[in-house]
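Dropping the structures in below, format is structure tokens.
Both complexes shown next keep subunit A, but they swap its partner, so subunit B is in the first and subunit C is in the second.
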Partner chain A sequence: MSVKHLKTLGWYLFLTGIGYVFLFPLLFMLVSSLKPEQAIFADLYSIRAILPVGELSLDNYRQVFEKSNVSLYFWNSLFITVGTVIMGLFVNSLLAFTLSRMSWRGQKLVLAVVIALMIIPLEAIVVPLLLLASKLPSIGWEGGMLVLKSSWLNTLHVQMLPFVANSFFIFLFYQFFRDIPKDFDEAAELDGATPFQIYRHIIVPMSGPVFATVAILHFLLMWNQYIWPIMAVQGEDARPLMPGIQIFFGRQSSWGEIMAYASLVTLPVLAVFLMFQKKFVTSLAGAGIKG
Partner chain B sequence: MEPKSVTRLQPDIQEQKPRRRYVFLMSTPALLGLFMFLVIPFFMAVGMSFTDQRLLSPNETSWVGLRNYDRLLNVSGMVQEPVRDEAGQLVLDGDGQVEYPRLRTLLRSDPAMADYKLFSSWDLGEKRYIVLAKDPHFIQSFINTLLFVLLVVPLQCGLALALALLINRQLRGIFLYRTVFFSPVVTSIVVVSIVWSFLYHKDLGLFNHYLQAMSFGLIGPIDWLGDPAWSMPSIVIMSAWQAAGVQMLIFLAGLQGISPDLYEAADLDGAGPWSKFWHITLPGLRNTVVFVVISTTIQAFGLFTQVDVMTQGGPQGSTSTVMYHAVTKGFREQDIAYGSAISVIFFLVILGIALFQKRLFDSKGDK
Partner chain C sequence: MADLKLTQVIKRFGDLETIHGIDLDIKDGEFVVFVGPSGCGKSTLLRMIAGLEEITDGDIHIDNECVTRVPASKRGVAMVFQSYALYPHMTVRENMGFGLKMAKVSKHEITRRVDEAAQILQLGPLLDRKPKALSGGQRQRVAIGRTIVRNPKVFLFDEPLSNLDAELRVKMRVEIAKLHGELRNTMIYVTHDQTEAMTLADKIVVLRSGNVEQVGSPLELYLNPANDFVAGFIGSPQMNFINCEVLAVTADMLRLRFPCGLETDMPAMTANVKAGDNLKLGIRPEHVLEDASGELVICVDVDVVEHLGGSTFVYADYAGDISMTLQVGGLSDINGKDKREISFNRHYCHLFNEAGKSIGLRKDALELKAAEKMLPMAG
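Coming up: the complex of A and B.
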């Protein structure tokens, strides 16, 4: 072996060592979720901690499903996330379309306001938002009939509607739409296309990348929501996964069960991430740079 | 091109009206959402911070002026003389320590001081210096948050830059490592906090095991999350590890924007790797560094989830943060007005950092 090869090998070893540090907690979580409690501790201090060896079973998962209403939380999370992302893609891109490809009075002002709003972090408004949500009336489903409720708290929509419109996503759409050549819409306009038809048949088909980017960012944001649901949702019915696992963790459950729960929460995102990993990486990097 | 100009010239007033309707229909949903759930709560926060609004209360809300802000920010100090007996000698307590007048009695006796509580005190010479605050928890939370920011920003940004430099090379399968370094980012911070709580465990945890093994048992088990001195650094290390992937990608994009010619020229001059890093890489990354540092700082100020999952602000308030205090007051104790005042202060800090960033970028544009 030449010196060059040795050097390359050294790099790989070094990178793998660092990779181990980054991957260890994740692998440990997944592997431990399959092991009985004693095996987790017995394997902890050797490489076996991240290897699926020994007596493996789905017992921990079974216990989690028995002790926690995890399937309800899972469907709540999925509904909240998917629903909000779909509404968000639609609503945010529509506003961005009017800002970037139509001209109207007040447009510049609205754009400036949208950009200025990006500076307000969610954390700065959760407390007043809680009061607002407690005062908004809503219609709910209780005992097989529709009832009028006096507050939005403890519902699914209180976790969705406030997060549909997002100034940062509007800005990402705006930037992308702005750079599409105007010739297309002008031609379509001459053919008598309405603005909505231009949006639907010209802009949307050309904007796959930005829709994917916003969908991924919004998905992560919604799936990982924590501070808002712990405040706005006290009951079980509308509780999503993150508060669910936190409560389970606080109950001093066994570590194997906690790891099984953590794996259940993580696996869907991990699967989506591995499927679209290239897109994920470019989205997050691009969003970071532009933001 | 004939028909185009013809159509253009027609002053089509009838067409303008439906167009305006389209603008209205297409922009309203998002604008309504932003207005309802961002603009209104924001002004509510400002407005309510001058009231005594509670989440659920039979009493009417009333204006209280700056009382909430006074409670949050009012800090005072005093110097105490030790107790002396009639002969002027120092009085020692049971443990042989110099005795000072009881603070609580002192504060209660003076109506102007009655709202103050002890924040910190230390003895120097034959005097006791005392710092008082109306809400010592907030002052502590604010200092904790600053400490978190000061520790996590250099660590996370440094780690991210190191990782970016590592993977910015032509090696087969390098993208695999990029994915690995990035994977904590897509893992929820709640899950990360739970898994790390296990690794940080005093008796069973992995960190203490390795620490003891590597130091041959010299370094005893550290109670990472249970010792006030270690709790915040523990959260810092985990947070930097979890989030560095994002900044790594931003640095990587920055690195790839530096012209390779510069490095080739440096090679011809016989520059070593350090010199190349200092004279080419870092200057080339200036914009990126400014952006990454500021955005990481803004994010770090909002620290909440890790604390809520791992330590609930403890031990002894050592991990309570501004946001944790806001949620404790505004939600758990239902004092919306006070929580709003904390939110406003939080926002002003963020705004200050953002304006500072803008000035940095602007001043660069002038050069």
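Coming up: the complex of A and C.
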């Protein structure tokens, strides 16, 4: 075997090792979710811990659905996530469009503010945000009637609206749009298109990769929301999946059931990622934010 | 179809003035070429006419209507971009019909007009392709087609051929000339390639640093350049310039001394010339003779000879540091590194004063008829 082959083999071994480290928790979760409690502990110290062997069943999943209101949480999470992502794609890309392709007074200041906002974490603003949400009135259904509520707390929209606009996503769109030649806008302008028509008919169709990237990142961000729903939602009605797992964990549950719950939470994210993986990777390379 | 009139058009970017008060009249159906070196403001001027660049001062009239503050889409102009700017996600048909779609023209009418334009440009089989499946020349034709369907008053071309290879460029140049012949619309074409300017234009506008240097027909510019810049820019290879000193001035004659000591008389308009002035004598490469048969004979050191088959270019040094180019028809027997005599006749000479402005030669005294005979060759 030549040195070149040895090098390649070495690389493969190294990468397989790394892959194993990253895959281990995921495999362990999925496999354990199918095993009874004793089997999980019996297999814990052998390779069987990550192999789907022994007595396998969907009992744990059944238990999760029986013991917890997981389907309601799931629909809540899905509604919050998909709704926010759709609104976010529109709002963030539109602002990025005006920042990158139009000129208006105060443009540079707004761009600077957007960039500056990227460094402020949610934890820093979560308390004032909670105070604000508790004071904002809203209209909602209660007992089949339309009622005026005195606060936004315990609603679905309190989990969506504060997260629609996101400075990082605006910046991603901005970076991508900035690299599209201005000739397209000018050609469309001569063709009689308004700025919004240029956005709608020219820029959006040309920006598939960045829309895919932002959609995935925003999906993950929203799907994994934890601190904010715990603070802003107390009741069952508007609770999403993530705080649900904490409550489920707090009750008397077996590890198999917890793993089943965790698998239910993880699978949609994995599915979304695999679906958009190719576009996602191209776009990350294109956006110049490798790693 | 429309007249176009520019009145004292000025463009400033902040404090920097790039277009310095340009006046221009373009007649209906004329093919006008803006030509000049990079950064002379020709594209900016075109974009101001298109409405893509704001006009700092002055007015633009299209068809006697002031369009200075009219948005680009309402001016009745269509533009072919250097990059083509074809929308990559749309088919050729959608690209061509986009302007009409924006103008809410009926689908039936869009199809009819796109098909009509496609026929003129032989784009029929390509209508359902996306731009990336087209060659450079085809993309160029689609970009032109997109402007035709809108039936504009004025066509604007911003260096449309600069992305094509040499062979295709010549082909497209002919197609554009044919198109103008068919449509007879007013067309404005920007290029830095003087060959394109000479071959396409009814009227050439030579620009330098945001100023118009000269406006005229290609032959006017070739035969009577207003200054040394135009003389050097129009014509390929570039005109040769030889510095010479004025020894004596009479009513209609200048006595000149060349760097190598040769003295000669040149019949010229002598009003603003005085003895001791340094002038530039210009002679085009195609008017230099490879032997001593002309009226003025000078001795040069041949540097490089390029045999192109149909003609031969000879690059030589005169008086040590003056580069001379000769264009000789057919094959020449001149060899590299030769020392030899070359010559030229007075009636092909141009004289420029120290500021670069042309000093008219008295052609009457220079066998005018002989010069006129040479006109077809010059073009």
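Following the convention adopted for this analysis, the second predicted complex is superposed on the first by the 256 of 291 C-alpha atoms of A that agree within 3 Å, B and C clash if a C-alpha of one lies under 4 Å from a C-alpha of the other, contacts with A are read in each partner's own complex, and residues count from 1 in each chain.
Definition applied: a residue touches a chain if its C-beta (ideal position, glycine included) is under 8 Å from a C-beta of that chain, and two chains touch if they have at least 3 such contacts.
These figures come from a predicted structure and were not determined experimentally.
J.: Taking the superposition as given, does A:Pro181 touch the first partner, subunit B, the second, subunit C, both, or neither?
T.: In the superposition, A:Pro181 contacts subunit C only.
J.: If you stack the two complexes on chain A, which partner ends up touching A:Pro128: first (subunit B), second (subunit C), both, or neither?
T.: Touch status of A:Pro128: first partner only.
J.: Output check: A:Trp11 vs subunit B and subunit C. Expected answer is one of first, second, both, neither. What do you get?
T.: After superposition on chain A, A:Trp11 lies in contact with subunit B alone.
J.: Which partner does A:Tyr73 contact after superposing on A: first (subunit B), second (subunit C), both, neither?
T.: neither
J.: Between subunit B and subunit C, whom does A:Gly19 touch in the aligned arrangement: first, second, both, or neither?
T.: Touch partner of A:Gly19: subunit B, not subunit C.
J.: So, A:Leu190: does it touch subunit B (first), subunit C (second), both, or neither?
T.: both
J.: Between subunit C and subunit B, which one touches more residues of subunit A when both complexes sit on the common chain A?
T.: So, of the two partners, B touches more residues of subunit A.
J.: Would you sort A:Ile202 into first (subunit B), second (subunit C), both or neither based on which partner it touches?
T.: second
J.: Check whether A:Phe171 is in contact with subunit B, with subunit C, with both or with neither, and answer first, second, both or neither.
T.: Neither: A:Phe171 stays clear of subunit B and subunit C.
J.: So subunit A touches subunit B in one structure and subunit C in the other; where do those two contact lists coincide?
T.: On subunit A, the residues that contact subunit B in one structure and subunit C in the other are 190.
J.: What residues on subunit A touch subunit C, complex-wise?
T.: 181, 183-184, 186-193, 197, 201-202, 205-206
J.: With touch defined as at the start, can you tell me which subunit A residues reach subunit B in the complex?
T.: So the residues of subunit A touching subunit B come out as 8, 11-12, 14-15, 18-19, 21-23, 25-26, 28-29, 41, 44-45, 49, 90-92, 94-95, 97-99, 102, 104, 110, 114, 117, 119-121, 123-132, 134, 161-165, 167, 170, 190, 194-196, 199, 220, 223-224, 226-227, 230-231, 242, 245-246, 249, 255, 258-259, 262, 265-266, 269-270, 273, 277-278, 280-281, 284-285, 288-289, 291.
J.: What does subunit C use to touch subunit A in their complex?
T.: 50-52, 71-74, 77-79, 81-83, 85, 87-89, 98-99, 102-103, 146, 150
J.: For subunit B, which residues are in contact with subunit A within the complex?
T.: The touching residues are 3-4, 7, 18-20, 22-23, 25-27, 29-34, 36-42, 44-45, 48, 53, 55-56, 163, 166-167, 169, 171, 174-175, 177-192, 194-199, 204, 206, 209, 241, 246-247, 249-250, 252-253, 291, 295, 298, 302, 304-305, 308-309, 323, 326-327, 330-331, 336, 339-340, 342-344, 346-347, 350-351, 354.
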